[in-house]
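Here come two complexes built around chain A, the first alongside chain B, the second alongside chain C.
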Partner chain A sequence: MRKPRTAFAFTVLFFVLLYLPVAVVVLFSFNSQKSLTVYEGFSLRWYEAFFADEALIESLGMSLRVSLVAMVGSLVLGVALALGLVRARGKLGLYAGFIMLVPLITPEIVTGVASLLLFKGLGIPLSTMTVMIAEITFSISYVTVILRSRVAALNREVEEAAIDLGATRWQALLLVTLPALLPSILASGVLIFALVFDDFVLAFFTTGVTPQPLSVRIYSAIRFGIQPTINAVGTLMLLGSIALIGLALLIPRFFGRRGGLSILSGE
Partner chain B sequence: MIRLSNLSKSFGEMHAVRSLDLDIEAGQFFSLLGPSGCGKTTTLRMIGGFEKPSAGVILLGGKDVTYEPPNKRDVNTVFQSYALFDHLSVWDNVAFGLRRKGVAKAEITQRVGATLEMVQLGELGTRKPRTLSGGQRQRVALARALVNRPRVLLLDEPLAALDLKLRRQMQIELKQIQREVGITFIFVTHDQDEALTMSDRVAVMNNGVVEQCGTPEDVYERPATRFVASFMGTSNLMPGVYADGAVTLDGGLTVNVGQRSFADGTAVSLSVRPEKIWLSDFEDGMTRVRGTVRETVYSGPTTTYLIDLVPGVRVAVLEQNTARSRNEDRWAGGETVDLGWRTADCLVLS
Partner chain C sequence: MRKRVSLWSWLLLPGTVWMSIFFITSLLLVTALSFGTTDDLGTPHFGNSLSNWAEVFAPVYRTVILRSLGYAFITAVLCLLIAYPVAYAIARHGGRWKNALIAAIVVPFFANYLVRMYGWAVVLSDEGPLLGLARKLGAPDDWRILHTGFGVIAGLVYGFVVFMILPLYAAMERMDSAVIEAGRDLYGGPLRTFLFVTVPATRQGALAGLVLVFLPAMGDFVSAQFLGGPDQIMIGNLIQSKFFDGQNWPLGSALTMLLMIVLLIAMAGYLRRARKDEQEAWQ
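Moving on to the complex of A and B:
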């Protein structure tokens, strides 16, 4: 068979265009000079500058807090919603299922503006808390989409068996159903953490003045001229994201069964 | 021990179980037998507490448990899918029920160990269910239910997923375990052989009602209805009309059946089991007819002949291929043979 040279060339071009800018950011984060165009030698000065910048560190701390809270909050609500949607009788589950998908297809800027108007309308001052609320709301859909098919694939008899053996409904949920869903729950949690940490649009509209999430802080900094420190921050965020996604893909393997992010791994 | 009275269950327009009355004695191996959709599993699920009856009462040891939840009933279930907890070891699966009841640790250790021994899984306590074979998983499900020493054990087609050889072996083993522990077993199956070999009593169900309830011999030898006769093995149902101690079959043949409690002119079905029809060495007083062999089906220990008595009336005849009676190619297709049966072996069903 002839080698599909054209397809191969396009594939290479695609990946070059996709990753070249990222590679430039990583490279220049180690530049010894301030230039963003000429590489003049290796140094870690921009990383030192980042860790010395209290405002940036404060933003990093806020982003981590927001991501963590959004992860836990959306997991609790998203898993509950997935259980409810699969087990709801009649039309209610069907309608709720459609409504659940709306945030996924709504342009994020619309969600952002809408959240801003809501908080303003209710007289709630913008703060870390409002970012958390907005991010949780936005993330529930992801958790539910991932968990729903896993819940549907659960054997109802397993929960019945637990109740048959003397467990209450709550005990059956905690001792049998949730452990069966654990790989999917952990994997979607990691995904949500990464998505929220990277999120800019929603954070931009719902954050107060100080502190600001890291993504918003970087955007503000760039308006006053690009500092090489941003390259260092970008490289660290990239590493963190890769680590998280890798973790999300590894979780199902660790449990030795299906049920992680099949969307990501294509399994 | 267990009394179901006037028990009914409807799912919308679908009547799964209709006014069921059953008495099941303590210590029995009781089978609910019927084709899929006959209501046997729904009945079992109502006894287990997983379905609320639409009407009727379930008494367990004299106590009304009709609307008690499953965790408040002294009943345990072996599910068709086994429904094992995959994230727990075999040992923890079996200990699950005792832990929920707050049984002391030492007693749990002792009882789980003994139960695993009984189902021959003593070595496999640390394994995860997923690493076990189908037969082993089946035993875990059995042990997990039995360890609680329930008054009644419900089994929902527990052997359906096993291959034939393993199923035969488990049938014998289940029966032994049942005798050993003395617990009442209620066993749902669609396999009539399984019900006949294992049960003390069998209830044959169809369309949500019990057509007949009795010992395996009762339901096989003396089926009360056409459905029971046709569901329990091959029964050579031949439509005809009863009059004065004889049935005139649709093909014009009249067969003496003795006096029965039917009015003359009643449309009936005559049934003679394949193994009750003789092809040689006839006794005096037997009903004798002639027929033409149409098909010979050899299956190891037995041979089945399909024989036309008159055009349109075909019966199956089963012969043992014992050293005494087996004769190579005894009858070939197209040959005319004599058939005979005892009048007592004729079943006349309305």
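Moving on to the complex of A and C:
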């Protein structure tokens, strides 16, 4: 097959432009001066500034807590939903299948506005907890979509065998079905953690004043005059995300299965 | 048998209840408040007034809404034009690097969206590398990207192009390479083969990509804020300002509902088209 040179050149240009902004952030996070356009030498001062900034560290802690709770919460609800959607029959299943798909076609800003109105309407003051609730709601659909196809691919005969051997339905579920799903559950959990940690729009609409999630803090910093500390935070977050994706891709291999990108696309 | 059915239905219950309360109810609340009013203190009240909906279509807001539609549409088309050669090069000629290259496209997408947008703003700024290079090549000094419509679109493209590349790449992976060979044999030129064989064969991926890009682009407010100016605000910026700066929640709710309706129409159009394609493919 002949090589399409134009498409190759274009692809190279695409990758350059794709990585240029990220490279700029990483490079200037090590800049010794405050400038964001002229690199004047290596230093770690912006990293030191980040770790010395109590408000930012508090935000980091909040973001970690929110991501962890959202991950666990959406996994518990999402795994149950995925199992039910594949196996339950009846009207409830149809309704559940519908409301699980709506969030996926709803822009985040709409979800954000809606959550804000709901919390105000219920008289719940905005806090870390409201961010957690909103993020769980936002994540359930992802977990369910990723796990639904895995549940459908399970071999029911193994469960039937367990039941024939005297296990109850619940025992079969806990001792046979869930362990078989464990790699996918863990991998989607890691992805949800990364998505929630980086999420800005929902957090912006549902957070209280203090503490604020890290991404909301970054937003304010960029909006009201940039501090180079943001470059350092951005670089650390990028490293964290890469580590998490790597982990999500590797998890199926720990269990002796073929890993790969399919977990990212949910196919 | 009866018992098994009830176990799976029970499993559906917690998630369904959660989503009904925190998602469906909240959307209904937005709908209800879009017919509400504010008192003199700016406190929102429910009501049955149509004034917010009338205001949404007033010239000031209409301009912003049409602009958002235009930006999102141009963004989706640009993403398509960018994604085709990239997905093609990787799917057809990526060899054993295919997965690594696709992963390399996904990784920056997992960097924080705000940080990526801010890095992009630095790259596109007046002192940035792109305009510096353009000036060296003879571009006039007053060329700007930031604070123009092009800047906002560039931001949206950068933010969401990955949503176009992934479905397009998947569609090309599924394609039978013998079809391309046949096209070569019959038509000759690589460009014609691409246009008359590859593009029609990957139409469904392209269609899915257009929707996946249009959806978030239409609701975005960060790109317009970081890369645009006051003349480039989008419907997302309006919504944000009605809830945070302007404190007119009923009007903000009407704008939110309008955004949702526009996207539902786009989605319905896509689903109809996709179903038609599928039926034709079976015939």
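Assorted remarks:
FYI, the second predicted complex is superposed on the first by the 252 of 267 C-alpha atoms of A that agree within 3 Å, B and C clash if a C-alpha of one lies under 4 Å from a C-alpha of the other, contacts with A are read in each partner's own complex, and residues count from 1 in each chain.
Rule of thumb we're sticking to: a residue touches a chain if its C-beta (ideal position, glycine included) is under 8 Å from a C-beta of that chain, and two chains touch if they have at least 3 such contacts.
Since the structure is predicted, the reported quantities are computational estimates derived from the model, not experimental observations.
Using the contact criterion defined above for the overlaid structures, shared-chain residue A:Arg223 touches chain C, although it does not reach chain B. Among chain B and chain C, the chain that touches a larger number of residues in chain A is C.
In the superposed model, A:Asp198 makes contact with chain C only, not with chain B.
Legend: residue contacts after superposition of the two complexes on their common chain; A:Ile140 is shown touching chain C, with no touch to chain B. In the superposition on chain A, A:Pro179 makes contact with chain B only, while chain C stays out of contact range. Within the complex formed with chain A, the chain C residues making contact are 3-5, 7-16, 18-20, 22-27, 29-30, 33, 82, 85-86, 88-90, 92-93, 99, 102-108, 110-116, 118-120, 122-123, 125, 127-129, 158, 166, 170, 190, 215-216, 218-222, 225-226, 236, 239-240, 243, 249, 252-253, 256, 259-260, 263-264, 267. By the touch criterion stated above, chain B contacts chain A in their complex at residues 48-50, 69-71, 75-77, 79-81, 83-87, 96-97, 100-101, 130, 144-145, 148. Of all residues in chain A, those touching chain B in their complex are 155, 157-158, 160-168, 171, 175-176, 179-180, 182, 256-257. Across the interface of their complex, chain C is touched by residues 1-4, 6-8, 10-11, 14-15, 17-25, 28, 36-37, 76-78, 80-81, 83-85, 87-90, 92-93, 95-96, 99-100, 102-103, 105-111, 113-118, 121, 133-134, 136-137, 140, 144, 169-170, 173, 194, 198, 200, 205, 215, 218-219, 222-223, 226, 230, 233-234, 237-238, 241-242, 244-245, 249, 260-261, 264-265, 267 of chain A.
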